[in-house]
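This report concerns only the one structure given below.
Chain lettering (A, B, C and D) follows the sequence in which the chains are written, and residue indices restart at 1 in each chain.
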Amino acid sequence: MSQTAYPPISEHLDDPESAREEGRRKMDWAFQHMPILTELQKGFEDEKPLSGQSIGMAMHVEAKTANLVETLADGGAEIAITGCNPLSTHDDVSAALDSHENITSYAVRGVDDEEYYAAIEAVIDHEPTITVDDGMDMVAAIHDDYPELIDSIVGGCEETTTGVHRLRAMDADGALNYPVFAVNDTPMKRLFDNVHGTGESSLASIAMTTNLSWAGKDVVVAGYGYCGKGVAQKASGQNANVIVTEVEPRRALEAHMEGYEVMPMAEAAEVGDVFLTTTGNRDVIVKEHFETMGDGVLLANAGHFDIEIDLDALDDLAVDRYEAREGVEAYEMDDGRRLNVIAEGRLVNLAAPIALGHPVEVMDQSFGVQAACVRELVENGESYGPGVHDVPDELDEEIAEIKLAAEGVEFDSLTETQREYMGSWEHGT
Amino acid sequence: MSQTAYPPISEHLDDPESAREEGRRKMDWAFQHMPILTELQKGFEDEKPLSGQSIGMAMHVEAKTANLVETLADGGAEIAITGCNPLSTHDDVSAALDSHENITSYAVRGVDDEEYYAAIEAVIDHEPTITVDDGMDMVAAIHDDYPELIDSIVGGCEETTTGVHRLRAMDADGALNYPVFAVNDTPMKRLFDNVHGTGESSLASIAMTTNLSWAGKDVVVAGYGYCGKGVAQKASGQNANVIVTEVEPRRALEAHMEGYEVMPMAEAAEVGDVFLTTTGNRDVIVKEHFETMGDGVLLANAGHFDIEIDLDALDDLAVDRYEAREGVEAYEMDDGRRLNVIAEGRLVNLAAPIALGHPVEVMDQSFGVQAACVRELVENGESYGPGVHDVPDELDEEIAEIKLAAEGVEFDSLTETQREYMGSWEHGT
Amino acid sequence: MSQTAYPPISEHLDDPESAREEGRRKMDWAFQHMPILTELQKGFEDEKPLSGQSIGMAMHVEAKTANLVETLADGGAEIAITGCNPLSTHDDVSAALDSHENITSYAVRGVDDEEYYAAIEAVIDHEPTITVDDGMDMVAAIHDDYPELIDSIVGGCEETTTGVHRLRAMDADGALNYPVFAVNDTPMKRLFDNVHGTGESSLASIAMTTNLSWAGKDVVVAGYGYCGKGVAQKASGQNANVIVTEVEPRRALEAHMEGYEVMPMAEAAEVGDVFLTTTGNRDVIVKEHFETMGDGVLLANAGHFDIEIDLDALDDLAVDRYEAREGVEAYEMDDGRRLNVIAEGRLVNLAAPIALGHPVEVMDQSFGVQAACVRELVENGESYGPGVHDVPDELDEEIAEIKLAAEGVEFDSLTETQREYMGSWEHGT
Amino acid sequence: MSQTAYPPISEHLDDPESAREEGRRKMDWAFQHMPILTELQKGFEDEKPLSGQSIGMAMHVEAKTANLVETLADGGAEIAITGCNPLSTHDDVSAALDSHENITSYAVRGVDDEEYYAAIEAVIDHEPTITVDDGMDMVAAIHDDYPELIDSIVGGCEETTTGVHRLRAMDADGALNYPVFAVNDTPMKRLFDNVHGTGESSLASIAMTTNLSWAGKDVVVAGYGYCGKGVAQKASGQNANVIVTEVEPRRALEAHMEGYEVMPMAEAAEVGDVFLTTTGNRDVIVKEHFETMGDGVLLANAGHFDIEIDLDALDDLAVDRYEAREGVEAYEMDDGRRLNVIAEGRLVNLAAPIALGHPVEVMDQSFGVQAACVRELVENGESYGPGVHDVPDELDEEIAEIKLAAEGVEFDSLTETQREYMGSWEHGT
């Protein structure tokens, strides 16, 4: 199907058939716990709303994402996909996807930089009319290298905080030339994916990589955005003493009022047992901090890129480096202190050896919004101009309602009198 | 000072002098715990930024608000004030304010409807150039009855969720004719005032009015906006089992994912021990709910108006009614069940006999924003057109920084490299 | 009824009749929320198991205790009662009790030391056959001054941590000459009364006395026994940052593992905003601590006696002292710092002006155990020798079952197979 | 070293040398986070307090336990060890241990019943003078089959709730013929191991085996002992809605007052999403419960034996059975419902494929007590008669102090005046 030299996953594997089976089993387990996609898929299969579309995707290729990809394919689209992080691809799931007649998957675990970008190009060679990104690599590559495709692109979806941030900067520069939904900014995405998803899965990944406990630990959370809040809340719920670092005064105050300790990283470095970066920024933990940390500390990142912890500086300081445990690299200082970096400072809930990414149910919600947004682009894409767009509230509410129904949770609706009251301002005391 | 027939507080009291002393003592205690106003007041006294302004206020007149009023007066404004709820005024504080040379206070506890509106008129007779409201009564009265004043009004501030909601409706109708800052919608206001303030003070007021415990209680929180979240979080923190009712699917889902039970009020009515309304809407608990509630339940309201619990319907159902305890009215059903309404269904953290309103520190934050907004209206009011305006981020951040400094909390700031990174989109994986 | 010079409450009051009515209304409210006593009282009224007994009591005389007293009286006993703390008596409740034909109440609020002990003597003049104590004053007075009564005493009940501690010391010295049930040491008492009761009511009393917030506060809890755990848990649940001080290493470690900060008081004094003592020991906060505390701190005690905070030393340090607010005494240091002592360092949930003592439901559980223990003393008292005795598990379980039934909470019971398995040790892997 | 036919681990492995290296690396990581054993080991190495002893152990043989074993060996004892659960052994760690000159390890993962008991016999062939058990298999085997050894046995240690329970039953029957320390019953063990250890590791194991989330889930915790409390607290801290089932009324009430829902398993089965048994009893979830559970539920066990969930009954009900995911067996009902059993109903934090057992720090505390108890048996064993003995408080406190010092946590000590006060009963109000 691909006209490019870079081959799909199946050609990278020795035994693609057994990989497909294993990948399919993983997808089935996830799909069992994805009621929103289950519901949307039914409609997509019946109505084929995406017929005639070519969707180019760069995402974490694992079981949950794969169910989104299949849902879109079942909606009638042709799909080409690659990974958005060299370490987050599950080859078996990639192979299972690639065996779908409407899907070509180029995602392969552990590729080098050259292969990574070759795979992105391979996807773009499919001439997507819609892009779906985790980190805007696809959008960036098209704008940089394939501007001629932009005219035929209906729009895109971007799911990460970091990606949306970069898209908004691009938009502000007048450099974004087709509409992109900021899926990341919906309540559905931020609250569930960032708070619950990142929070739970980062902590569980660290615990199961290290066999260490949270109870009584001083856990330093860098950044108090949605991800940081999730990590702080969940760590506190495991009886850690949470310390927050921030650069924005209102967030700093919010953390303080929540009962957490707030201090500069330079102070936190001296007392922390575990450090988790969630800022989306670079150089959050640097040389001066490494110099004062205690023996045995853990360093991990839950932000999109692996630039929050300055590993180069850490390597310069170290007199020795070794794998202390699978997924844990120990950097030994000249005074004997051991600073343990988990998953090479990459997204810990994806890149740790045992990591599984976000919980299934959380991704079901995010992907439900994604699928609804792709459908919206096809149906009403022309009504959105170039630039970053918020997801329409109706789509977001639709997904919430599907989820609540699937969980058997009922809720109230406004009476006519109440609806009228809420729209009125002519009431006195 | 007043040209109206309705007299200021001092003329309502038998012993205004001792009331003033008591009011002053209350204000002093509060001011000791209001570091933000303390800091702003210093600047206001030096610079008199509000000179020449006449400020008309309708607020809960108690010790904390009084410190805002004095801060504004110390900034050079002439102030006329009345209450925004007949039961929330502290006469002694009102008297202390009234004794300030730049302040006239018409707020008197327990006035009837006629007096309530007469007092609002008395404030308007001072021809305010700025309005500061808790519930938009002042804005509404001016628009309805004194439209001729609007031309000389610089702008207004509105602090409550309900008031802002009504102002936005008015704005949408094209009926709001001067700029009003939606102070309620700032992060500073919503997070601290609504979540922490309403949450803590509502629960403490109910506990100290009833001498009952939260541990093991089924507490039904109607509405999962900021106030509802605060009440739910704090009740859960006192070991209650929290049940949330909602009409908006995303909020319902958010509550469900937080671990609370979500159900329609018709179901919740059957199992709840305590019911707290926080919706800002009317008729939240009605006849059909009263009919199925258990013996001894508590009913209270933490929303702005006393229309969330349908007391008329409750009264119709009751075969007997008596004061079970100060601040608690028992409605006895014909089957012997006793439904206990706290503080007449009015804002429980203000209207219960022992209620003190929001905690001091929380109001310090809200009032800090208010004072900064009033200063902004004077300095740059002409740049805001008629309608509801968000508080500029800089003002909100300024207040957060003052608070953090006062608490001795330090936080990080962006390095040049970080600032540049955050504004850029040209970074790869 | 009394042969002593010290008169019952009615003779201390100007209008005993209206006091009785008010006291009765308070008792009725409490009784509505005391399902355990309600259930026990029914049985007591029918069976009169306490006929012929004279019960001497020294307790906090307020609405909840009063329902225990009446339940015992309804069981057939003659009762004489006085307060166990000069500030915790409600005169109206005392008057209501005193009007019961089987009850004489000597409890009067605000008596001086001489009157306090005269009232205890007045109770003892009734020649109790059973004693019920909150702090072992009755037991101590009888052993010290009326040893001739001991022969006819069936036994006693003691409800406080402090009282039991002192009784055990007395027992260890061979100086306790009749059986006393350590009601305080039952799971029912410790978990619910100490943890939930002290925790909730202490915090609510402080909040409503000061109008201050817990969110973001550094709250120092001295002592991590059951009371300390309750205060720490509930303060944390109001978003305070909790700091624990302890002298026992295992408790210190437990607090640390729970996620709290643990440090010596000398360090905590420098950073705390609120200090709450719960140790049952003396001189917990002393001169060296006052010297380093910040301006505006709150000092309160939740332990039995007012000796945990060294107020004499504080007074020596102060250059000025005044009532900053009802229930709050400000001690001003020579450097301008104000240290605010709540309720004179007495039990804050009883002695603060607005304090109501433990929540009703919590006391219902404690008093249920008390009533069952009194019945046990009458029925099987001869089987207990002199000394401190644990409450038999069956009594404690009986109370738990009554409570669960009243709350509509069902639970499982062991099957025959399970019961057998639990008694066996002959099972392999 | 062994005279038995059953060979040590090294003879079971193809490449014992590389297994040893891997096992040693695992042990090193753990030891880095075991400050208590580190401290004790130093003393043991210097003083060799266990010289001349032969210790027979049946424990979960993984990295943490291995450090206890080495600490005992470094104290001068000869040690023979086997596993206490066929699925919890790490062969590499077993091999690393076996290479120590004083240690013989017979623990091999995945052995069948016959081999399991053969390994126990192999250990007993070393004629232990001290036994250290996780589940009393060693004690039982010696009493049943090698009573002649009992005379020369100094004593034993038992670490599990279940083991202690069975030992006490045995003791009550007069069938326990040497002293055994109930290590499980110390505050150090119960609070940290059961609450924090079982709680954290069970939840993390389930999350990482299933990739599912806790937020918003109805989590049914069977049993509200220390393990159940830990699971409930930690699940609640991950935003689950916790439902507790119990058979003891006081524990049921305690859970209810904590804010959890309490109901019989028959009701919980209908609403639960995840079921975790922690009772130590058998047949907790049985046929009638399986019949009403929803599609997709998870079933796991955190109690010692795999008899809490009746898998035979489940298998009888199922029309199909397959591995839904590694570590998850799906049982499909005839109506299509899938009931997913994790880790075959064995201890989920040990037997799940990715499980790591308790966190390192938690085991450090338990093992610190174990080591101190073994030393106590050698030094003062003769002062303990046959039967179950509580661990002396001094040992427990010693371990707490070592831990606090290692964490840098300081705490207060009693002044002379305070110590005297606590021992006295002659103080008044």
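The rule is simple: a contact is a pair of C-beta atoms (placed from the backbone, for glycine too) under 8 Å apart; a residue touches a chain by one contact, two chains touch by 3 or more.
Because the structure is a prediction, the values reported are computed rather than measured.
K.L.:
Averaging each chain's C-alpha atoms to get its centre, pick out the one most distant from subunit D.
P.N.:
B
K.L.:
Which chain pair shares more contacting C-beta pairs: A-C, or B-C?
P.N.:
Here the pair linked by more C-beta pairs in contact is B-C.
K.L.:
How many angstrom lie between the centres of subunit C and subunit D, each centre taken as the mean Cα position?
P.N.:
Distance between chain centres, rounded to whole Å: 38 Å.
K.L.:
In whole angstrom, how far does the Cα centroid of subunit A sit from the Cα centroid of subunit C?
P.N.:
53
K.L.:
Need the CA-centroid distance for the pair subunit B / subunit C, whole Å please.
P.N.:
Their C-alpha centroids are separated by 37 Å.
K.L.:
Enumerate the residues of subunit C that touch no fewer than two other chains.
P.N.:
192, 196, 215-216, 236, 239, 256-257, 407
K.L.:
Which subunit B residues qualify as touching subunit C in the complex?
P.N.:
The contact residues of subunit B facing subunit C are 25-26, 28-30, 32-33, 63-64, 192, 196-197, 200-201, 203-205, 207-208, 210-216, 233-234, 236-239, 296, 324-325, 328, 338, 354, 356-357, 359-362, 407.
K.L.:
Give every residue of subunit B touching subunit D within the complex, in rising order.
P.N.:
Touching subunit D from subunit B are residues 215-216, 236, 239-241, 256-261.
K.L.:
Enumerate the contact residues on subunit D facing subunit C in the complex.
P.N.:
Within the complex, subunit D touches subunit C at residues 84-86, 116, 135-137, 140, 165-167, 169-170, 173, 175, 187-188, 191-192, 196, 245-250, 252-254, 256-257, 262-265, 267, 280-283, 305, 396-397, 400-401, 403-404, 407, 409-415, 417-418, 421-429.
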